[in-house]
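By written order: A, B, C and D. Residues from 1 in each chain.
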């Protein structure tokens, strides 16, 4: 994804429209996933990233092709933004051989190694130490690559997070830790899990450089992420990037959100939708928007088609891929 | 240990002499342990607290009788300071039934529940969550008790530490976390394990009140500990108490300390011995000092006698105390 | 006798203990407003308030450890670990702390802590959300391990576990929460260490736990059609284990199948097989057959998942194998 | 053939791999200046420098996890966990991450990570510094588990493990570091999954691991005086397991004792007993006897500790029990 715009100060409207298109793809993809799940077509359980599209796109756009990411249970957006085709992603959600994890992983375990996705992790915080280790490998080999982990506000409570950040800073590895603070861990609001308001203090405990962004503003996310990855890439140490964002849906598909006032969601949807905000800034005319919607709808519908026509694994394939030869 | 002097500003010379006596007891006890270990009499492996006596005494003196502590692998000093008789402690090191853990625990697992010692822990950080839980119990029951954990600088790197502090602060339980920063974790100096210098930042990550003291000055330790325990006891939340101190010996008895410059130890012994410092402040005359030495020597020698005359457990006692009825 | 679900039975046991006894409280992730990710604790926040129904941060290690400390300080905490897979984060506190404080203190302390957790595949949660790890804990002196399969058992055993003065790791099976069963009107505590014969039989004993009890009962009904009489024995607690009950059943039937959802290799069935051949060697007409998951992480795709975990057919096939074998080989 | 200690053998395997291959490096607590708390890595910092001999903070979870990440990024890291008891802190990374990334990615990734750890009682370290927990890992598909008992085996197996493309949990026994044994002049990698017959015999097969291999050999020598011919089989790797070698030995001797220092209940011996009775049922003249630690945490006092862990006499007694039993019951 390395392009000239990366070093420029203001992003061109064309670039921002590309961002918008990617965000729209994530949004429509997630909506389709909700629909297909409710239709009973998708096994397992699923977490969508509606409301957090700007973080996924802004951050992944700031990465070079051979930078890598680790994601979480809420991984569809990161995966699409890192370059996985919607077909491969949707096929995975349907448990097909054509899926990005060949049907072995599922929604919470999305991998696409060629595109630098080293895996979504269903254990909160579980992916962070590996990012430190991958970054260490790059450092030892002198490769100018960055390893980046996404995780939520809830993940900053688990010991793994602290150990990983400490190690990263101690060893000054080229890692970036992107905390998507969507103000909930499942049903648990900040005041029930976080005794502090400013989560960057958790990076300061290790002396790590921290940056905070409005996670609903994709341009700001992109610019800050670029700064963070450059910092890491240039050997100046890891960065903690805190993105304030909002989960505009339930924790999982079907979550009745009994723990959350209905008005809160309504209000957030009105004021904090990253797509609305970007579209308004760019002043996208209706016909252009409609065209984009159509193109994306085709892509997303196509991914469902692709997935449904995909190949079911053979039952006994379950015993493959346990060990490397 | 609740006495009137607790609220006074300056401690009386008599009180300080009591402190000195306790510190001397720990010192001579530890030296005796080293001697007996080298003589091949003590099983297992042992860590002495030589150099850190002022922290143990200053902190434990600030506790009320029914406050509790959890200690670490380096537990002899804390245990004596919390009121365990040297006989019971020495007997434990000899693996006798009369030992404070009845011979089941050993040096790294000292318990004395009657005296409020809920256990030393051989797993770094292992005792911290239980202190949070005990403090929670006091809070739920409205008891004005404090639960206090000792641990080292090295322990601030383990996830358990972070999770425990976070929980303590979130729930505002009456816990005090005493970090004895002796600048080494086993052989590992600060720069190989801690990317920051000021460890109180690790408490700030949870919004916890932090206090720092010169751990070689027992009066200052005592006063600050009293402040910390009062804070916790009055329901104002847990406290992180950082004591800067020095390990004047090896990590374990027999440690050749190849990783540490000889001059460093010599210099520290000259300038940072908490006993020397207190004795100088108090200007203890030689005869008084000698008398104290004699009394303590008797006590310590007596503890060895006591231990050697103690009862070996029956082999099959090993199968007792696994479960409560 | 009233009929309630397995889920309600879990809730009942906790609620009843909390009503009787101020020392009992619960902690866990999302157990308050949300009522638990499996809905087990629904309504409990409303009844008992946030001090006793404590929503926690995502800190499995610390919440188990806080349970240990509260228990040592005289409470009877119940900690919920949302998925068994996350006990991997709390092993230090469970194994080195909860299980050993009493012992290391030479009997000065006790740790009346209950750690509830659940797991179980069959709904494509993938490799990190449905492992069955109970065998690990059976290897740890100082712990007790309970794994009930019916509403009645889950209620009676959980109630008893809460009042046990030792740390109990209490396993629930995800796919059983919805099943219904009759229970006594009043909670009757069930002693730990007593198995239950769900069905008497003459030809083979199936020792089964959790979901596999139900698969075994179905297999037994099927086998009956072929004239095979199957005894189904659910140990209910894996530690302590009702060895007498188990062994005497096998001495009667002379054959044994052991079935669980966990992986066969080094699973609880290994211990059962080892014990049975030790204690009933001269009675066995065939080797103890083990039924359980194949040696694989749990795959996502439903067809593969179904292949990995055991079902009624697998139990039935094992029954037939063992019965088909000539006695005294 | 040169003679070296078990400790030197571990060091040799790592040093040789590091000389050959820039991708190999080691991480762990106090492994640099201090040379490891068991002295295993002494001199390695001087030879390879601090980038490749990485002293770490006390963060078992993160260092294992960093090993996972470095391995996925193409390195061959070796992580030392100072005491096996502290693997309890890294279970999440070992079990949910290291063991499963390859599988969950459908084969896209590999994790060539070696995690070395040690343990073993007999010197009164107490309840949290000498547990033998290898059985847990045998229950986890995706891992390999190695537990060698001699300098030759430890060197050949560790070297091979480093070059294995899968995560290997490598157990060393604390009380064996000082033993000496002959080794080939050049390191010869030993394939994982191949047992070793240390001594041939006719009357009973003793399957033993770690320290118990030596106790078994001593017991075998003693038994010989009574005219009992003992075969001693060391599986060396517990996962994969040399089932063929093990079972064919038992088929020859018709009797089996399995011995390890770990607790008997749910220990590796349970799996061996279960397998042997499954695969050699018709050959067995007596039940498989299990020797191991009693069901207790490790006590501190030496007299109690000695009572809990198994020794030569226990192996000998088991040999005599099994041989004393009438064939075909």
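In this section, contacts are C-beta pairs under 8 Å (C-beta built on N, C-alpha and C of every residue); 3 or more make two chains touch, one makes a residue touch a chain.
Computed from a prediction, not measured in an experiment: that's the story for all the values here.
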*Given chain A and chain D, the chains that contact each of them*: B, C
*What's the chain with its C-alpha centre farthest out from chain A?*
B
*asked:* Roughly how far is chain A from chain C, centre to centre by C-alpha average, rounded to an integer in Å?
replied: 36
*With chain centres defined as C-alpha means, what is the inter-centre distance between chain C and chain D in Å?*
30
*With chain centres taken as the means of their Cα atoms, state the distance from chain A to chain B in Å.*
46
_Distance from chain C to chain B - Cα centre to Cα centre, in angstrom_ = 41
*Find every residue in chain B that makes contact with two or more other chains and list them.*
101, 103-105, 109, 121, 123, 126, 157-160, 163, 166, 170, 192-194, 322
_In chain C, residues with contacts to at least two other chains_ = 56-57, 59, 61-62, 85-86, 89, 92, 96, 103-104, 126-128, 141-142, 295-297, 299
_Residue ranges of chain C touching chain D (in the complex, touch as defined)_ = 85-86, 88-89, 91-92, 94-96, 99-100, 103-104, 126-128, 131, 133, 135-136, 138-139, 141-142, 239, 262-263, 265-271, 273-274, 277-279, 281-282, 284, 286-290, 295-297, 299, 328-329
*Which positions of chain A touch chain B when the two form their complex?*
157-163, 166, 169-170, 192-196, 201-202, 204-208
_Touching residues on chain D, where the partner in the complex is chain A_ = 25, 51-52, 54, 56-57, 59, 61-75, 77, 92-93, 96-97, 101-110, 112, 141-142, 144, 165-166
*Over in the complex, which chain D residues touch chain B? Could you list them?*
29-30, 32-35, 37, 55-62, 85-86, 89, 123-129, 294-297, 299-308
*Using the touch rule from the top, collect the residues of chain A that touch chain D in their complex.*
68, 99, 101-105, 109, 111-113, 118-119, 121, 123, 126-138, 140, 147, 159-160, 163-164, 166-167, 170-171, 320-325
